[in-house]
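In what comes next, chain A is part of two complexes: it sits with chain B in the first one and with chain C in the second one.
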Partner chain A sequence: MNVYTPILILGILAFGFAAFSVLTASLTGPKRYNRAKVDAYECGIDPTPQPEGGGRFPVKYYLTAMLFIVFDIEIVFLYPWAVAFDRLAFFGFCEMVVFIITVLVVYAYVWRRRGLEWD
Partner chain B sequence: MTSNQFGLFGTDPWWLVLLKVLAIFVILVLLTLFTIWWERRVVSRMQNRIGPNRVGPQGLLQSLMDGIKLALKEEVIPRTAHLAVYWIAPVISATMAFLAFAVIPFGPTVSIFGVKTPLQLTDFPVSVLYVLAIASIGIYGIVLAGWSSGSPYPLLGGLRSSAQVISYEIAMGLSFVAVFLYAGSMSTSEIVAAQQPVWFAVILLPSFLIYVTSMVGETNRAPFDLPEAEGELVGGFHTEYSSLKFALFFLAEYINMVTVSALATTLFLGGWRAPWPLSVWASANSGWWPMLWWLVKVQLFIFFFIWLRGTLPRLRYDQFMKLGWKLLIPISIVWIVIVAGARTLRDQSATSSSRDTLFIAAGVILLAAVLSLVASSRADKRKTQADEARATVAEYQVDAGGFPVPPLPGQQAVLTSRRDSAVGTTIIQQRIDNQENADG
Partner chain C sequence: MNPIMASAPALFTIRSVDYRAISPVLIILAVALVSVFVEAFVGRSARRPVQLVLVFGAFLATFIDLITLHATRLVTAAGSVAVDGPALVMQGAIILLAALAAMLMAERMVDPSGDPFAARASSLPGSVDEAEFSARGYFQTEVWPLLLFSVAGMMLFVSANDLLLMFVALEVMSLPIYLMAGMARRRRLLSQEASLKYFLLGAFASAFFLYGMALTFGFAGSVNLGSIADAVSAKPSQSGLLLLAVAMLSIGLLFKVAAVPFHQWTPDAYQGAPTAVTALMATTVKIAAFGALMRVLYVAFGGIRWDWTPMLWIVAILTMVVGSVIAVTQSDIKRMLAYSSVAQAGFILVGVIAVSGKGLASVLFYVIAYGFATIGAFAVVSVVRDASGEATHLSKWAGLGKKSPVTGAVLSLLMLSFAGIPLTSGFIGKFAVFSAAIANGATWLVIVAVIASVVSAFFYARVIVLMFFSEPTEATASVVVPSAFTTIVIAAGATVTVVVGIAPQPLLDLVNNAGLFLR
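So, the complex of A and B:
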């Protein structure tokens, strides 16, 4: 059996369990309609009207997501290097120091441009 | 060995795979039920309460009963919800939580019904990367739940949660690099084997501390539980979820807690291997005993989670992001360079002094972290003081118009005497009287 097949079987079991519970809950629970109950919950005040098409998110979240991608790709480059470190020897170390320095330049730039500030 | 095998993994007969899958499923559900009860009891003790003790011995069946109760509750689906996504979000969350556990090693190779098999569902050369990938897919559940509810609080909670998890995933990913460097592998079983003489938590202490910090941020637990900050966001992303859909999110949160604890055990605390005084006993690392050591180590981490929740107040969101982006990430990067340098030194000169170098470097880097924290808090304080000094003290009364109002930035509270506040009360009384007169 392939090493990835057990994951598929566990996934099927977990998905089946989750789907089963979600479906059963809609059968076992009572249903009493109430107009106020199906409104969006806002501590009892009238719900805020929802903007068309989902509205706009603060740009900070996009910025965080982009920075995440930049640094995550850096990590992905570090992983194979770390695994093969002993074989790469001194050359590999020097190469990675150069790579990390370039990443640190980017990091310092983002920091200076206040990309890491939240407010 | 064929190409799709990895050691003994991939050789199990189908019934054994089914058995292991079922065992993992049952263990995770039981651990969740136990952890919820355990958390409630421990937090109660920390707050001078008793906690649930009625249902079953010591209240052990409490979480099971809560689950059954949730199944019998009405499902309230908001009118504004995007139905398809709203239904699938808890399923994604729960499924991914279970899946991450597939590569966690519980113990050594044992013999089950005459078949020799490792106590681990499966393993492959990149299994830690797989855990990271599955954890990232789990975020979709949270973000989609927040978005599909069609309600402001869940939307904010979902966005916050995703920003938080991806921020801390970087620090978490960087803390693994030193481990891979020492183990020479990304497979969980080989990392456990590589910790034979000494745990990675000892020789790679900064990595361990960074991982422990980021695993709390990653699972949205106190003091980093900003996505569910009750005071500001009601319930966070699951505000609009009820009945078993809510239970699935709850289940996913606790399974994630167990998973990150198990990963910490595997990567840093020697996995299922017996700790020092026990390892003297020859058969401590064979047979079924290692499952017990594994469970004890995981429970230690879970207790740590509960302890944090009982002790620390929640961080402000900007402080939290600052900790992740400005402290954990640079420290991890510098630490990786130091570890790599020490290892190169060892390979070059073939002396045993590299461990000492590493310990000294670890001390220096921890000191630098503490100093930078102190310096930044000092700078913050100076900045606040400068702001306060610069701001003109505007005219401001604490109970303007009879209602107490907090001072805005740049304003300073003017202390009112008892008589003045009494005047305030009188104004309110007069208003009420006027209202009643108008009504009457």
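So, the complex of A and C:
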């Protein structure tokens, strides 16, 4: 039991600090409610501005996030290959080239369809 | 060299991959990438012809490749791909049916405003943009790379000998179809609803498959089907974990074959999707899903068949009964064909339950015969139209046989095949499946199946009666004369149904010589 006591104390401290911070902020902080304040992330930008009665809304953020994932995954596979580059030898090199070509095709498509332009 | 790395055991062993054996999948994937490239760099007006050449060229090359590979029986890529008889037969059938579905997708004569797909799928249904894009005669060619990726996924799905690869193939097969289902030119809201429902429920089913895979790994310590089979026979004691794993993997796969109670998406997705895409979903996806289901159950869990066959009995009976009974009440031909495909999945499951080489061969025969009849039926549905597009409500079909005797006769033939009337391929298929089940002692199941097929014969016959025994009215739809594309599909569906019905021996030999799954 004794060995777990520090963990228990740490847990109580962490919980206590979180409760204290939220409580203090709500008691002492200024309260100025407005529309931007209740938006997601309080960043002042409506993520999905919807015209009255429905309509088109910009998907720029989603597009950027999707493209990020494509290239993020590329890096995820490139790191382990870089670590074991010598062991994987020429076979691994060929496989990575094939993989990068597939991502390159996606890149070419996105570029030509103006997915990389903001406006 | 880094001393830590040098002393560590080898992190990777490079496994040999038999590229020749997996070349059919590689051809389709390579052409799919080229096809994306075409989308990026070829001018708008030249895209469609180039894509059509690429797609049909890829299908032709792959089919020839499969014929040269027909005697190959091996497991490659570290045991994750099995190139065996059943896989090759199903891959060949998938290629042929996908080529026919591609012809329906390329059809531009039946709809005055163009091919079956929306001018811009991103435009809001009913908006000014949509009208403008249509008026300018825009059309989308992205469906072609999507089709190729989906077909590559299906081909990999039927030869995946590893649960992880099978899951990847499942997603590669499904994601493009979710997209294509939402791209109809007409009745776009219905189409988008179909797409969203299919996607959400499909993602839900995939989660079951993944959880089943995790539990299987917990039991067997491997995701390779052969290693799972070894672990199952090495630990013969009952394990609740293992049974749960089998059940969850089965749910993921039974969703794709549209078995009750995992069929809820079928009527909405089949009705809302463009008919060409519905034809693809109802034929190739069904073949691929049955292939994967049988491979998992036979190869990995064959050792505990007495534990999972009761579960499959219940699913098969529910599927046959619910599919047949609810189809009777449908008033839309696409929804009726959807419930019919649910009922047919039940009949095919009867063959799956006969866990034997004979059962496997009978299922292969059935899915191929059913695939050609189904694609013919959806091709007929796509040419029966009125001013608002496809006339899918059955009231508009009254007297159609008198107005257009050839179309009526072809559809009647296909309906008779679905019902299992002698001298059609459907009869031979049902006979093969039922006799395989009886040989394995599932007599009661076959009795239920025969009763269900009598019920199903009622609604198939109702369409024939409606077309030929009532007088045409003003509301009766008319048959549009299609281009060679749809004509070929209808002719192929009808021809295969009759020829296989009268002379089934070549196809029976093909499926019987395919042999068993490798492991």
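Convention: the second predicted complex is superposed on the first by the 68 of 119 C-alpha atoms of A that agree within 3 Å, B and C clash if a C-alpha of one lies under 4 Å from a C-alpha of the other, contacts with A are read in each partner's own complex, and residues count from 1 in each chain.
In this text, a residue touches a chain if its C-beta (ideal position, glycine included) is under 8 Å from a C-beta of that chain, and two chains touch if they have at least 3 such contacts.
Note that the structure is predicted; figures quoted are calculated from it, not measured.
When the shared chain is aligned, chain B comes close enough to touch A:Tyr4, but chain C does not.
Once the two complexes are overlaid on the shared chain, A:Thr28 sits against chain B while remaining clear of chain C. Look at A:Arg113: by the touch rule set out above, it reaches chain C but stays clear of chain B. In the superposition on chain A, contact is made by A:Ala89 with both chain B and chain C.
More residues of chain A are touched by B (comparison of chain B with chain C). Looking at the shared chain after the overlay, A:Ile73 reaches neither chain B nor chain C. Of the two partner chains placed around the shared chain by superposition, chain C is the only one that A:Val105 touches, whereas chain B remains out of contact. Comparing which residues of chain A touch chain B with which touch chain C, the overlap comprises 54, 84, 86, 89, 111.
Contact residues on chain A toward chain B in their complex (touch as defined above): 1-7, 9-11, 13-15, 17-19, 21-22, 24-26, 28-32, 37-43, 47-48, 50, 54, 57, 60-61, 64-65, 67-68, 71-72, 75, 78-79, 82-86, 89-90, 93, 96-97, 100, 103-104, 107, 111, 116-119.
On chain A, the positions that touch chain C within their shared complex are 54-56, 84, 86-89, 91-92, 101-102, 105-106, 108-109, 111-113.
If you check the complex, the residues on chain C that touch chain A are 1, 10-12, 14, 33, 36-37, 39-41, 124, 127, 129. Across the complex, chain A is touched by residues 4-6, 9-14, 17-18, 20-22, 24-25, 70-80, 87, 90-91, 94-95, 97-99, 101-102, 121-124, 129, 147, 149-153, 159, 162-163, 166-167, 169-170, 173-174, 176-178, 180-181, 184-186, 234, 239-240, 243-245, 247-248, 317-318, 321-322, 325-326, 329-330, 333, 336-337, 340-341, 343-344, 347-348 of chain B.
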